[in-house]
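Take a look at the following structure, please.
So that you can tell them apart, the chains are marked A, B, C and D in the order they are listed, and the count of residues begins at 1 in each.
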Amino acid sequence: MSDTAAILEISPFDDLLGLALREAEGDSIAGVVEIRPELTQPIGMVHGGVYAAIAEGLASLATNRRVARRGAIALGQSNACTFLRPISAGQIHALARPCHRGISTWVWDVEMSDDAGRICAVCRVTIAVRERGAR
Amino acid sequence: MSDTAAILEISPFDDLLGLALREAEGDSIAGVVEIRPELTQPIGMVHGGVYAAIAEGLASLATNRRVARRGAIALGQSNACTFLRPISAGQIHALARPCHRGISTWVWDVEMSDDAGRICAVCRVTIAVRERGAR
Amino acid sequence: MSDTAAILEISPFDDLLGLALREAEGDSIAGVVEIRPELTQPIGMVHGGVYAAIAEGLASLATNRRVARRGAIALGQSNACTFLRPISAGQIHALARPCHRGISTWVWDVEMSDDAGRICAVCRVTIAVRERGAR
Amino acid sequence: MSDTAAILEISPFDDLLGLALREAEGDSIAGVVEIRPELTQPIGMVHGGVYAAIAEGLASLATNRRVARRGAIALGQSNACTFLRPISAGQIHALARPCHRGISTWVWDVEMSDDAGRICAVCRVTIAVRERGAR
């Protein structure tokens, strides 16, 4: 698979998590992950790194979908998560919305909720946009 | 395995990543992860979520090692990573150092480097310390 | 002025910035700051610390307005700003919206815009809620 | 004063805070701010925005001192502070150390302590380095 095709698909690590995409309005993107034992910390709650990874994966993919056509690629620059509600079962429902679409950076707000719609984590992800030849 | 024992061991998700602990001085803790294809984003670089997960796992475990004996447990509160150097092979070498050891929160600085010692990512992780009955 | 009255008013540092409150819907709160030379960095753009301070001030005040009646007080725990567009004149228009209203923490998203409505900075502020006798 | 000279000096907002520079080793930079009533929140503790502003000011100035000679300028990109200990008197002692010195970004760790050397706040500041003609 060429780089151009690859950056428009779920990445290997997102696949390991079990991330499945859901469509969303405009430039937003959504996804769900089924909670299973391998995604938890010692007492059965979803591991904080899972939320960070989902947010990173969705923000990167959604940015790539907009910038790949002009020969650019998304590279994560920072990822800041706040954990609000520990959960241990069901699905994680993630929605990523852009709050800045610049030439060299996109900034995303990602909200993750449980099956009852209660927010479990919020992440702010900054994605650098680089020319593909320049990386 | 009881909760008390579980929170002193590598968690299921850290195990999925392949995190292996290394001892470090004082309250610090270290770990390594072998880079393999399942841990990457679309063009073969380590996925940002992997760094966040390693940082979260080490900070949580190291906090639990200090607070478990008094009946408390570590719960991640926030995790902020800055990605500095994309890498695609070798090992990720992580070192977590506490920068605050409070009654209700511990704050950790986690630095992740490649095999040549170059910093790839830095994360600041805030861990809430809660009574185990109170969670 | 008693502590209870004080925590419901603009603080001394917010006053130094020139923060003026504007009402907003529900638990949200808004404010404006007139840009003047003392608020800038060396080349006349608004200093990043000004955005952080406005976000901190609004989030703290709005939290206090909800928790003061039950004898609690807001104490800033973390403040993370991303700067998106440098500006040098006019007003900074800030809107703070709660994204989590917990027992022990409130989390706020603060968006700051210029006179044309373009976003200049976004901040995520975590406010700890403590009993007033306990601080 | 030319831009080149201005970016090597304390900025107007840093001056409003009362920031005084102290030399430090290597690329690090230090500063102190005398706590006075105008820098506080409603109950007399240092306002969180003050810590963020000090961190932003020191990181920007120290970056400019390294990049100005090659025609570049520092522009704040993000600023994340964690508040650890509220204080109300004496001086804030700040030390900013670079943890990344890249072509397009510098990342700084800033630690702020009270007169007794106890850490009050830690901030991570990312500074974008731009060509001066390009801003």
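Keep in mind that, in the parts below, a contact is a pair of C-beta atoms (placed from the backbone, for glycine too) under 8 Å apart; a residue touches a chain by one contact, two chains touch by 3 or more.
Here the structure is a predicted model, which is why all the values come from computation and not from measurement.
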| item | value |
| --- | --- |
| Taking each chain's C-alpha mean as its centre, the one farthest from chain B | C |
| For chain A paired with chain D, centre-to-centre distance based on mean C-alpha positions, whole Å | 31 |
| Approximate Å spacing (C-alpha centroids) for the pair chain C, chain D | 20 |
| Multi-chain contact residues (two or more partners), chain C | 78, 80, 82, 126 |
| Overall pattern in which the protein chains touch one another (line/ring/star/complete/other) | complete |
| Residues of chain A touching chain B in the complex | 3, 6-7, 9, 11-17, 37-43, 45, 47-50, 52-57, 60, 64, 73, 75-83, 86, 135 |
| Residues of chain C that touch chain A when the two form their complex | 80, 82, 84, 99-100, 102, 107, 109, 111, 119, 122, 124, 126 |
| In the complex with chain C, residue positions of chain B that touch it | 78, 80, 126 |
